[in-house]
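Next up, some structures in structure tokens.
Here chain A shows up in two complexes: once beside chain B, once beside chain C.
Up next is the complex of A and B:
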């Protein structure tokens, strides 16, 4: 008995050691990023690199918000733009994917499977192929250089998340729908009152994933936005990267600030997120 | 059946409504524009925040003196710029004026007829080429000028005055030195971990703490091509069809760069140098570095004293100078306003504002020689940057240039890392260049 307990203890220790080592390896870039954001430029480029900033400076952070600084970019505007876009896209994606995912999972329709295959096949089209046609459409409907170009498409569905949502809803027992139907509930009431509460984990996963993807999306804002006042953070950060040199200190500070919302959101939604991804919320 | 039809038609109706709502607000925008008296032009450029803020100051001054023109600045970072411009050109939403790196990108734009020939405009406004440093070749394609030069750069020799002082060396680099003289100086400034320099017996080349000299091995245009010119050779033939990396002159340059590391021990190895990126000199561990004048902004918080000198030479005094210009797009419907703005940026007012904000070096001789060189602060010897303009390697774009130069850059480490002999490396490069040229034809 005590021998097996000892063994369990040893296994636990080994597990923790391995996990800590791997954890440190994964944390290292982040720790360096934070430490770099408090260093002077000459210390950042020092080789071998050191972890402790000396001297410890905060000007990298203050310069981001000081419009008189020679290296000022409209950083606060970028944050606001990124928030508007990310929140807008998340709302759009959730509304559209819940509705379409529900339809694919539950509604009877003759061509349903065919339509679903068409939907999935859009995932296979490389996004770069679509850039010029979409660009031309946006130009004609005057979406270029407006945040609409980034937000509105989210309200028209997202093949990946529709698939995600459909699979999850299909896993919910149909008997629940039937019971409600017998009690006189409409399709919409079933979705709203019965399915949505059960879909909480998957919706939160969609929220987290879509928020992070939109927040870090570089390509879309780069192509469709032109003026600095409309730029989002991901593209704004690249402005610190020049043709030949980079403002490493400012870049590090700006990056630290830019990852805060993602970390906060992830921590808040962690419990549901893991559940939603692993589909462990299915009760049948 | 009927019910389904009404459902479908209602969806279509709703979509149409939505679409009309969007187009509705769009057309309002354009209507507003045409009613105004003011012309708005769009100016696209890449650059660091510092350069953007400098440009904003120029735009503000321009708008002040040209009340009927407004300029919108569209900024991107260098990596994104070219892809973005090409997408915009393809979809007819190109800006009116764009920043042009003529030495590397002109042949991607000029042959397509999308850049305006500014020669006649210069003639009309009596702007002389001689008022500017001789960078015009960079912007010339088929005898037509496609950009107005905006700034100027040259590759100079940076030296760390503090390290010279610490070593007790009073002879500092001056523009008349040869590479051999510089190497001799560098040997005295290369220190191992016991503090011995490279000329002393017992010097340990495996544990060097401070390097005497660094000449970037991987800069094909500024290092390799320029040094070959100094030897009297060429990297590419006059018609740009043949790579001459196998000429005795070219090979002696590669040999020289190799010797800096393995024979004189004054430079880090190819791979050791890469860990510093382009920032060797600001670390303070290099006594002399051959690098572009753009490095100055990285030295703002340097803890040592430094200055620059005209680059060393071999047999001929030929230097690497570069310029970036502003081009007007033929698709622009505001050609006159665009030219006014381009002219202003390259004119005395624009160049002075640019020199003042210190983000770029002026290319207009008047401002460079009477204003920029007198600005306070390091480097003291700002004149060295302009002295190199007297004789420089023409920085001209040609078909496949960047692919060919990248191939050279990617293959040469074989030699510098001792993976292949000089001849093997050179033949390898020639074969690669051939295949690049064949695939393009």
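Up next is the complex of A and C:
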């Protein structure tokens, strides 16, 4: 008996060791990033690299928000633009995908299978096929170099999340809304009062994923935004990366700040998150 | 019996009618997507195909040239062929490594030990870093002179390597960098692992099944829909590698990290050859489609659905 208990204990230790080693590997680049953000330029490029900043400076951070600094790069503007775009896109995506996901999961339609195949095929087509004509449309309606270009499409649904929402709603027992329907509730009431509360985990997952994807998206803003005052964080960072090597410390600090909101969001939502993205079709 | 047959007949009679009043609620709720699909998908797809048959610089009118763009790409454009090869290289090597690592990490996070949430966060946090920042971070890691990686190698007496500046290592370096964000797929595996009923493992244990057998006979079949999903999404994503070329290597050295999307972007938005870029985009689409169909065809053999999802 004690032998088997000892074995269980050993297995546990081994598990923790494996988990920690992998954890350290994943964290190492970030730890270096944070450390670099408090270093002077000469220490960042010094060899061998050291972990502890010496001297420990915070000017990399303060310079980001100080418009009189010679290295100033409109960082606050990038942050505000990224926030506007991300929040706008998340709102648009949640509203549109709940409505459309519900339609695909529950409402009858003769062409539903056909439309569903189209929905899935929009996932398959690379954005680069569509981007040139959309660029032309945006140019004609003066959307180029505006944040609208990034936000407006979200209100028309995102195929990936519609699929996601549909799978989740289909997992909810149909008897629930059928009963309400027989009682005379409207489709909208059923969605709002009965299904939406049950969809909390999947909605939270959509919010988190879409926020992260929008916040970190590089390709779309790179194409549609041109002036510095309109840029989001991702393209803004890339723009000044190439400029001067001396900005390495500043860039490290900017990167740290750009990661923080998402880490907070993820940690706050992680409980629902893992529940919300399951769709193997088998529930225990 | 007669009744059922009559009903079926009735349905059949109606089946070629594409619209009935009962469908109206569906169209109301699905309206945002249907409208969006026409504006942001159908119309652009048709136009893009038309542009691919033209010389077009977006300012002046497109000039119809037939299949010239496609012929040029396949017969004269060596950089394009190089970019196709590089992209296929990533699909062949990066994608399988990604999928395996994602699954391994998920299996580890499924261990029932205290504080597992901390490790889950640790493995996932790299996903939250903007790709631009990741690329920047790894420039510091990979740098020939002051990079951390060469620093470590020197400690062990191994000569420093040209991670990003040699033709041999540029793609493997990008693959390693990609593995750092394996956490995104990991979460999908993890959530489907959570759905494997414990009772299955228990009864297998009673029958004396080893951990290995349980893995192959219970776990993998049950999560196979997620593997399938990740495989499809992974193919689509890998064919669209872009930021890595743009920020980390600028496609170099000697075009060794030119990927299709990067070349397409340069052709369209730096050189203004929209027609040529549209042709590239369509070739890219057809390649992705061929892979997707291939995976779909084989999926019937290895994807297991516990209950028919309608």
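We take it that the second predicted complex is superposed on the first by the 274 of 284 C-alpha atoms of A that agree within 3 Å, B and C clash if a C-alpha of one lies under 4 Å from a C-alpha of the other, contacts with A are read in each partner's own complex, and residues count from 1 in each chain.
By our rule, a contact is a pair of C-beta atoms (placed from the backbone, for glycine too) under 8 Å apart; a residue touches a chain by one contact, two chains touch by 3 or more.
Fair warning: this is a prediction, and the values are worked out from it, not measured in the lab.
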Overlaying on chain A: chain B and chain C, fit or clash? clash
In the overlay, answer first, second, both or neither for which of chain B and chain C A:45 touches. both
Is A:227 contacted by the first partner chain B, the second partner chain C, both or neither? first
Taking the superposition as given, does A:238 touch the first partner, chain B, the second, chain C, both, or neither? both
Looking at A:108 after the superposition, I want to know if it touches chain B, chain C, both of them or none. Which is it: first, second, both, neither? second
Does chain C touch more residues of chain A than chain B does, or is it the other way round? C
What is the contact status of A:194 with respect to chain B (first) and chain C (second): first, second, both, or neither? neither
According to the stated criteria, A:87 is in contact with first (chain B), second (chain C), both, or neither; which is it? neither
Once the shared chain is lined up, is A:29 touching chain B (first), chain C (second), both, or neither of them? second
For A:270 in the superposed arrangement: first (chain B), second (chain C), both or neither? second
Between 111-119, 165-173, 255-263 or 273-281, which chain B stretch has C-alpha clashes with chain C? 273-281
If you lay the two complexes on top of each other, which residues of chain A touch chain B in one and chain C in the other? 45-47, 131-132, 135-136, 139, 222-223, 235, 238, 241
Considering the complex alone, what residue numbers of chain C touch chain A? 15, 17-20, 22-23, 25-27, 29-37, 39-41, 43-45, 47-48, 51, 58, 105, 108, 111, 113, 116-133, 136-138, 140-141, 145-146, 148, 151, 154-155, 180, 183, 187-188, 190-192, 194-199, 222-223, 225-226, 229, 236, 239-240, 242-243, 246-247, 261, 264-265, 268-269, 274, 277-278, 280-282, 284-285, 288-289, 292, 305-307, 309-310
Contacting residues of chain B [partner chain A, same complex]: 19, 22-23, 25-27, 29-30, 42, 44, 46-50, 52-53, 72-80, 84, 87, 90-93, 95, 275-279, 282-285, 292, 294-295, 297-298, 300-303, 357, 359
Once bound in the complex, which stretches of chain A touch chain C? 12, 15-16, 18-20, 22-23, 26-27, 29-30, 32-33, 36, 44-49, 95-96, 99-100, 102-104, 107-112, 115, 118-119, 122-137, 139, 153, 155-157, 159, 162, 170, 187, 191, 212, 215-216, 218-219, 222-223, 233-235, 237-238, 241, 248, 251, 255, 258-259, 262-263, 266-267, 270, 273-284
Quick check on the complex: what are the chain A residues that touch chain B? 40-42, 45-47, 70-73, 131-132, 135-136, 139-144, 148, 222-223, 226-228, 235, 238-245, 247, 250
